[in-house]
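Note that the chains take the letters A, B, C and D in the order they are written out, and that residue 1 is the start of every chain.
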Amino acid sequence: MSHNTFGHLFRVTTWGESHGAALGCVVDGCPPGIRFTAAEIQTFLDRRKPGQSKYTTQRREADAVRVLSGIIPDEDDPDTLITTGTPVSMMIENTDQRSKDYSDIKARYRPGHADFTYDAKYGLRDYRGGGRSSARETAARVAAGALARKVVPGLEVRGALVAMGTEDIDRSNWDWEEVGRNPFFSPDADAVDRFAAYLDAIRKDGSSVGAIIEVVATGVPAGLGAPIYAKLDQDIASHLMSINAVKGVEIGNGFEAARLRGEDNADEMRIGDDGRPVFLSNKAGGVLGGIATGKPVVARFAVKPTSSIMTPTKSVTKDGVEVDVQTKGRHDPCVGIRAVPIGEAMVACAIADHYLRHRGQTGRV
Amino acid sequence: MSHNTFGHLFRVTTWGESHGAALGCVVDGCPPGIRFTAAEIQTFLDRRKPGQSKYTTQRREADAVRVLSGIIPDEDDPDTLITTGTPVSMMIENTDQRSKDYSDIKARYRPGHADFTYDAKYGLRDYRGGGRSSARETAARVAAGALARKVVPGLEVRGALVAMGTEDIDRSNWDWEEVGRNPFFSPDADAVDRFAAYLDAIRKDGSSVGAIIEVVATGVPAGLGAPIYAKLDQDIASHLMSINAVKGVEIGNGFEAARLRGEDNADEMRIGDDGRPVFLSNKAGGVLGGIATGKPVVARFAVKPTSSIMTPTKSVTKDGVEVDVQTKGRHDPCVGIRAVPIGEAMVACAIADHYLRHRGQTGRV
Amino acid sequence: MSHNTFGHLFRVTTWGESHGAALGCVVDGCPPGIRFTAAEIQTFLDRRKPGQSKYTTQRREADAVRVLSGIIPDEDDPDTLITTGTPVSMMIENTDQRSKDYSDIKARYRPGHADFTYDAKYGLRDYRGGGRSSARETAARVAAGALARKVVPGLEVRGALVAMGTEDIDRSNWDWEEVGRNPFFSPDADAVDRFAAYLDAIRKDGSSVGAIIEVVATGVPAGLGAPIYAKLDQDIASHLMSINAVKGVEIGNGFEAARLRGEDNADEMRIGDDGRPVFLSNKAGGVLGGIATGKPVVARFAVKPTSSIMTPTKSVTKDGVEVDVQTKGRHDPCVGIRAVPIGEAMVACAIADHYLRHRGQTGRV
Amino acid sequence: MSHNTFGHLFRVTTWGESHGAALGCVVDGCPPGIRFTAAEIQTFLDRRKPGQSKYTTQRREADAVRVLSGIIPDEDDPDTLITTGTPVSMMIENTDQRSKDYSDIKARYRPGHADFTYDAKYGLRDYRGGGRSSARETAARVAAGALARKVVPGLEVRGALVAMGTEDIDRSNWDWEEVGRNPFFSPDADAVDRFAAYLDAIRKDGSSVGAIIEVVATGVPAGLGAPIYAKLDQDIASHLMSINAVKGVEIGNGFEAARLRGEDNADEMRIGDDGRPVFLSNKAGGVLGGIATGKPVVARFAVKPTSSIMTPTKSVTKDGVEVDVQTKGRHDPCVGIRAVPIGEAMVACAIADHYLRHRGQTGRV
């Protein structure tokens, strides 16, 4: 809502640049009494961390999180932290800031990057490693998301890569367990070798490629959301669009729904064995009229190919000189891969926020 | 941000249901000194109004807007209203509330509608004509959007239908002038007969179909937007996702970007004749890093097929009885058509808001 | 928070000017299931209404409220309205807009009024009857407050005038029943004649005088509030300072606390008969560290003397001409009197908002 | 607005407790291009820092600020930092956390403190040194305020102590230069010895006393503010009420205005030598109708006596046992003294925020 804050009751503010001293987030409005360990947060950060495989940037950051406020240690087990209801500040220091010469990047506008637009907006910018527009900022989101997951009892938020460039997974092979076993977050074991060969070729070409990520949240209580301008699916879409390089978002059947006839897009209902209404399908992706149905919330987002490529592209300098830009050094050939844990975090934050808002307005949970 | 408000400096709050006395909006933060007439606002409302062709619902509403506050009439020309900087309240009375018997709809959960979810959230709902979830609410957005268009000098926001169900336009035939000449908002004159035949068949089947709308904003100054959680494209996506029945949003190349290689998705730059940087293409859809590049902002959104269809669908009542639901009476076979002016309004509001925010933070325009 | 909105979960937006078609409010976030009648709202509006005694302006407005949205009538008793959780829009039409000649006021800056500052801010203003700065705007607040009172079970919010100019009530005579029996909202029956004589003299002099109002809220659950920047007392102070002509606010002992020693300002505690902690006094005014103690919340605010007086005062015109300003016509000699129901409404709204926020974040009530 | 955030465009979020690892703030929305040094920020922090005289707590904290983000060092002078428009994160580590035994305080509710209310709200609390309710949080505000001062060209915000307990300054002796020369921030040199003797006696008694602070802002452009719910004086009052131990706020004539007749409270106007309107007095305290007049903005706030005193006071434990509470150790006998730089910071933040909002909505400065 604000420039660097999202959420209404579960509010996350992030700060920090690629090459400053540190980056972090402040989570305000977190319910009291939530128990967690720094190690748990770290687990999520490690999933996002660069340098995990040859397919991600080789920048090596410890990405070690420090919890600076908003908690009190458990007396019997000091590693366990308990939220007190006051803002939880978490910080990650930047340790691998190579004293690189940025004089090159300083003047040039790299195509696909925010160099030109930051200058257009602010009249100056932190050119060191992309500054605030660096994907490093997303580490703070992942830390916040780790807390958000604990706010809603029974909530589980999982993500997977469903397409990389022209390659798709086979959805009939979907296995959530597989996601953690391969460097692509692929839920389809059979696709892993295919992705590897494909991405190797892209990398050798000095090129890059985009990806599509699917995030599924189960355990979302029916009723979460709001009817008009804070729809649950709207807020999820907004949160996902805020991730660097994301160019599209869809819920449930998504764009495909535009192609369907009414009867083919309907989720019919029956009475379940427990006497309560059940949906017979989930084409809506768990949201009707902006409010959760109780079925899994399903969102997908499209990440564009990494803008930093070795192929020379035409550009200009700040001073009006025409140049060619060619990226050297460490870069992910597919930034979409690491977007999986980030997407999960953003969905978790949106759901946590709506859980608190729903409880606030209606007293229902 | 709030349940029924959007925007940060140009803030729009809407209120009203399908079958209450009236509906309307309050536009807060509108700059002073903007001149307009109620007739101008009405022009936009008339584009959205039902009953314009056989392809839209036959509900007949005058949709006549009253401007209740925030203006002072021009002394020399009382039809011209001048904004004073205080909230502009606009109201549209509901005139065609047929005294229909809603006892049927009251208990039944119509598949694809928000009936079940409103009950899940609030424990009760206004079942008359869909209540707050009725598309009628969007009239208020269109009124607000008409004002928003005037906030940014030189801004033009236009929308068009680019696909209806399985039928697409031919983009090489694009003609903005054509959009106003046919009942489908099609920019492709050659597609009009095809759309008509297709939709006639759908309607005769008692079915419905979805659509894809494209909105293009020109005259958006480079620099508008914000870097992380109030990205211009994020806010546009959020605004569009808040429209009833929208299931997906994309910017520029959108989902297609995920399929491309880096060099194919890059917008290269050169120095123009005026010595200033120019982008040689606009695959980014006018936004990089959340901030406007100065190129047209291009957004597309997918509308699902109308949920109210004559084909019986399985459902349940509030009281746990299994029933079949079959819609009778007036309904649009493709609600996507009327979403065109709504989408334009939402994009205009997002841009107006960011224009004021940008001017506020940076003093630049 | 926004220009014309207050509250975070119980959000009130007001709109309207003295001489437009109407004024009103939109209450967003109101819990569903609250039952009320328009007549109940009207009761509160009538307390604020001008023309009730010779001590208030003789402008005669019906101030009849219409509830336009966010409700569904009770099936068995259509006069009873039930909130649905969607925005409640309420409107009051301006009926007594005398076709007065405002050419005089249009150019002159009336001392103590917002004429000069509105022009300084916006470059133009609605000079008719004070426009948006007219006390008429507060009718909308009173309507919203009537709903707010129903949000918190057991809440009672009452106000009284405790000083008018140099005249004070005798607090040992305090009787809440008396407040409704005299035109001054005085809780001290013995002070009524004194106030009457004092104000008659002021009025005959063509002068005006200020007042101090005290608002007391009982039934505020311990725990409501927030620790730092949304303190319950802070939000109450903010809400009260937003009322026209208010120049000071205090909580509990207020400014007097600055004069006391620690032991004289302490609220000691003991264990009550029910085994729960009790405060032995309430010098804090029901709030410690921004959070409600469970004792009555006590706030006082100071209203400056009516700026419109018959005594000529030096001023200037928009065009730089020095003039004398002298008010003729209907005006309250003490605007503070009618501020009593407004103050109550604002306190009720603040408490309702914090009730929902507290329930949202903590799940406690 | 949020629990731990204030401001709309110049947004400050603070975090941290008395005895966590650190505390800090994130300033979001700061305009780009502002130049400052960490040493400048430190100057303001040092004014607030405890242990400066025998009249403030002897806790010794370096209170050294680190600027972690949102800036880029000047190339020619790396000590000079330039804001980039992205969030400025500032952190102060807690260095003097004596490993005190807090088992005593943990169970007991100290009268006047937020112990009972935090437990009532959250069900648990950080009892170490008062946790989030400690005055230590205000260091973060002072850091934010140091930046805010630079946002509005020509703005100067100064504060002074005008009363301590029963002792007042003589306003005819007012000298801003004197404020920095004595430990009480007294603008009256003659009052210093009197204050010293008075406070020595209070301290020897193991007691404490309150204070009244006045903050004056000059260079506030006419037009800043908003008409109804974001009035400049309302936001200043809200900001000041958010400071620990503050129980009352007033603007200009304040509570005294309630005692005056209209003609005695009027600020008359004439045309100045430059042909522009001038106010002949400033009883309004620089604000009319919520909008700045261009005259100095004058606010006063009342701070209650320090709650921690050596005199035993009756209280209870969390477990329902009646106890006496008696404070030992380091505590300010008059917390109001150190509130001077905090009050200045809060006023500066409110004005900076309104400057950006005004520029945003109106394009005027």
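Basically, a residue touches a chain if its C-beta (ideal position, glycine included) is under 8 Å from a C-beta of that chain, and two chains touch if they have at least 3 such contacts.
These numbers were taken from a predicted model, which means no experiment stands behind them.
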| item | value |
| --- | --- |
| Common touching chains of chain C and chain B | A, D |
| Equivalent interface to C-D, taken from B-D, A-B or B-C so that over half of the residue contact pairs match | A-B |
| Between chain C and chain A, distance of the C-alpha-averaged centres to the nearest whole Å | 45 |
| Centre-of-Cα separation between chain D and chain A, whole angstrom | 38 |
| Gap in Å, rounded to a whole number, between the CA centres of chain B and chain A | 27 |
| Residues of chain C engaged with two or more neighbouring chains | 2-5, 8, 14, 29, 32, 85-86, 121-123, 132, 227-228, 361-362 |
| Chain B-touching residues of chain D, taken from the complex the two chains share | 8-9, 29, 31-32, 85-86, 227-228, 356-357, 359-363, 365 |
| In the complex with chain C, residue positions of chain D that touch it | 1-6, 8, 14, 109, 111-114, 116-118, 120-123, 132-133, 137, 163, 165-166, 202, 205, 207-212, 222-231, 233-235, 237-238, 241-242, 244, 247-271, 275-277, 280, 284-285, 287-294, 302-309, 311, 313-316, 320-322, 336, 358, 361-362, 364 |
| Partner chain C, residues of chain B touching it in the complex | 2-5, 11, 13-17, 20-24, 26, 28-29, 32-33, 66, 68-72, 82, 84-89, 91, 121-126, 128, 131-132 |
